[in-house]
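Listed next: structures, encoded as structure tokens.
Shared chain: chain A. Partners: chain B in the first complex, chain C in the second.
Coming up: the complex of A and B.
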């Protein structure tokens, strides 16, 4: 018995050692390796952990963009290859991934990271190495001055929050605002902007409460909201919690309270989870399947054909980010610095999430769409 | 030739010294063999986790008190260090010392009420402390900048010379690890260390021979939390960005796993545990989606087949028995004493 244990332990160690060697070899040659017939772009996204669902969507968006380019013959006859790394949604892990991707000189630019904290942790390393990172999901204001090589295809919370506040206060005439937000960098950033902007327009924030991500019972915060008697509830969070809040609000006696949000709740999962309760929710978004843009419609069709499901908003942002990078490689050549200069000067790039230009900080400039859930569907509306 | 081998066996200290010297030389040459920022980064992370697991081993492995909030001390050290360097432009090395003192103070405050009790109260209290610290990081926005975290934390500098390259951080952490190892080794083998291990073996017996457990447990806990703070301060300066999501319960468990997998109450075990548990997830990157799954499976297998860890008790005790049973020269040694 004892010897069996020893043999097993030895076998396990051997297996580990072999896998270490097996993995070390390509990594070692990758650094110095020539580009050959392939052009590499990186992808840093959470493939495991709490944000894995969005991370996977991002991976699918990038893979789709690359597949389309390769099907058309690649760039200058070379095929594009994606090197995907998992950042687990953890800033410490994101720094490791950044070191790995930046070290491999055959990687020309990358899409990533998703969480703002991860983008901020990776940014110093990417900027130091001089490689472009385009984030498909980091909307925190702090990313604005993260560095010359840091771009994003999603607008800041400030842009969307400002737009939402104007729509909510000026046009819909809501004066007493309730804000619920998830207690992390994203939710808090959005709540701050929403409060600042709505108050700037003369409205009053009567209640502001945080909830935890993955919380399932919202009765406490909803009771507080009901007590304050607001005209509208602005949610700074993602679709899962929004659906639950919408469902549970009737129990708190505010079943008719209008809900507004931003693009983070744009997902079919919101309607699947929320059913009737999410009817009438208003939101801003850059991506919509009822958009008339040809690029958007082509993207939705290709995505649905490829993966058998409708794309979410982050898949679309990631698709655009990958397209912009490949456009950069096509026009500026396989050179990290040249790609950066090209993207920095990019004007009116037509993507699945609208027409994009970058400002001097690498932030994207776009006009959001207004949407409302009508009859179980996201519909673009005027008001 | 034979005499050399016998010599090595007769003086295990000699043999160990040679091996240790070779290892340190190899580690020092590492950046020249593999000049790759990614490998260096991983090596630096290993260094940080070696300090963390060594410090946790002091309280959990050597004194036998379970602590489930080590990431909180790591985080407090990181935030204290970051704030001092960022807002007061304090020198890194001074900040390192202040981080040690501040986290040590937290250790003292937590330890005073809980270490007087027997049983796993410390585990529960540190678990709660970990959560409280995380929530403070998130909600005390004026100081910690909330969930957005702190950015642009300055790199260490020695008299105007800024350590900004990765290999410089590598040498810095290497020196820190060696220093911690040296101090821990002296501590463990001192009378103080013996007292700690006696408490672990049996608290009542320890008391009966005049060892006051609370004192030793408390000092071990203060040192343990202080060292975690030092690791945190280094991390903040190295990565230059910290946010609350790094210092969560999960990290505490990872550090504890390093200690347990490496071998409770073993310095070498802590080093091996930290290295292996940092390297495996990196090595397994190529299987992307399944890597954490396989990582978990490996840990389960390890605990089934080698529950005492890589460098467990039997590894250390067995040698002594063998010497006692088989080798004559050892008996001679004993007689001559």
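Coming up: the complex of A and C.
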């Protein structure tokens, strides 16, 4: 019995000693456990499951940003290391991943999640633990109120809708607006914003109709649009349906009606499918390979050199998120709370997806690019 | 706008009717619902695209070839997936499950071969728009309507005036009696699947040409609407399938035009429910209707 007590006492002492070292590690400049010369940032993204393709692009964007910093000698001589976790695009999995990342005190901040539902599932855990998460892909309205430690490099749908309305009514002078939108939360949200904002600027929405995702026959809605005689057609939906609408509008006798949309239609599939009919479509977007920004062009070049393919939008958002986090570590030190305060006050950060600042809710504020399809290519335009 | 929308409705209705014929013919003979039929329509559409775009055939060879291959696909599906179950004498439910299996197979097969995206269709026929007052009518639209009507008339003639038609009607009344009369019922069943699939292929090519798009899951919504059309007209009845197709096309179009396009599918299936409440056997689903 006596020897057992001794062993127990020894074990307890050991445990205390270990935990004391563990506590001291992140605060102390030296750290411990072999991570002395590295700074860790987390990544929560879907690497398997339905969103895996976007999730992988995000991982590549983050890895590229980290590699570039490390090649320049790291931050204060320390190498940055990415701890990647797979949230599978599943909110319950995202919560598990969040616990794992938040409890690892050596992780200073993280990029993630991608899907809005996952970001919202992880947010309470990250906010309780006091660690910054920057989402590269969640544009849902609800992420705004997710907490002080939740940021994003993608804007809400409302921001783009507002900007599009201003461009359309104030600058292009369209007064009679037609809106077609896909019949789900995303499309309806966008249609609501477009209607509210254009009417606020004195224009009139003369027709507003929904269509189903994957619909092929647009003759009915386009006949209705033609009858209302609008100056412009705003589409709240994705590229496939936009291409078909553009192609079928000539059947309704409105082949010349201008079409406008947001970055949801920014895809080469729009041009492949739409051909000549999509020429002249105007849209807003944050990332474009024809952007004149040097940061964007450098990013595209580096990404293409590294992975042998052109980057997509989400890789660019993720690249920016990682850069912002590392900028935070550099300027505020290896401290979770200090990083949060630094990022919250960040102004005019130059990234691959434009110049970013954050509002008090952690939503990014940046001006979208204006694009038009010219000669079968997305081209940045002034008006 | 009314006339214009009516024409839009007739165009899509004709396509529903062509697909619905396949459902109703198979049901008429075997009393089974071939849920893979919508996907046969999709395969037909892709084959038309494949023969023109990849094989470089002119359309007057490519489209009949696509019809033949699609017909063969229909016959093979029956022979490989339905006949073994049918001969064992298992209930209709097993065949229904088999049909759903074939449907899942075809959709995934198409996604593997052609990818999950939407493809633009062949535009060999140059579209010309004619204006009559307020009405826009294109040569393709006229072609779709005329072709649908012609094919239906031809089918009606075959079923009612030819020897194979008599054999089909006899088989639909009673397979056993037809066999006793010396009719090769297996051949009749194969012919039924073949003709139904070929018509679905025509519908697929028309959808591709007119709306300029095809994707692997396109058969789902068209198949479901056409199935509703077959039920609405009285499943097993050929004139019923035609009437049902046009009716669903017109009702969903006019409903979208004058009430709200967001409820398009609700109009199509709403009229189905309405008719079934009043006439449970469908519009033309009488007891002694000429079944195939």
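In the analysis below, the second predicted complex is superposed on the first by the 231 of 383 C-alpha atoms of A that agree within 3 Å, B and C clash if a C-alpha of one lies under 4 Å from a C-alpha of the other, contacts with A are read in each partner's own complex, and residues count from 1 in each chain.
Keep in mind that, in the parts below, a contact is a pair of C-beta atoms (placed from the backbone, for glycine too) under 8 Å apart; a residue touches a chain by one contact, two chains touch by 3 or more.
No experiment lies behind these values; they were computed from the predicted model shown.
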Which of chain B and chain C A:211 touches, first, second, both or neither: second
First (chain B), second (chain C), both or neither touched by A:121: first
Touching partner for A:381 - first (chain B), second (chain C), both, neither: neither
Touched partner set for A:251, first chain B, second chain C, both or neither: second
Which of chain B and chain C A:140 touches, first, second, both or neither: first
Partner chain in contact with A:240 - chain B first, chain C second, else both or neither: second
Which superposed partner A:183 touches (first chain B, second chain C, both, neither): both
Chain B versus chain C as contact partner of A:201, first or second or both or neither: neither
Residue contacts with chain A in the superposition, chain B compared against chain C: B
Touching both chain B and chain C, residues of chain A: 183
Residues of chain A touching chain C in the complex: 183, 209-212, 214-221, 223-224, 227, 240, 243-244, 247-248, 250-253, 269, 272-275
In the complex, chain A residues that touch chain B: 5, 8-9, 12, 16, 19-20, 23-24, 27-28, 31, 47-48, 84-86, 88-92, 95-96, 99-100, 102-104, 115-117, 120-121, 123-124, 129, 140, 142, 183-186, 188-189
Residues of chain B touching chain A in the complex: 36-38, 41-42, 45, 138-139, 146-149, 151, 235, 239-243, 245-246, 279-280, 282-286, 288-289, 291-292, 298, 301-302, 305-306
Chain C - residues contacting chain A, complex: 1, 4-5, 8-9, 11-12, 117-120, 127, 129, 131, 136, 138, 141, 207, 211-213, 215, 217-218, 221, 252-253, 256-257, 260-262, 264-265
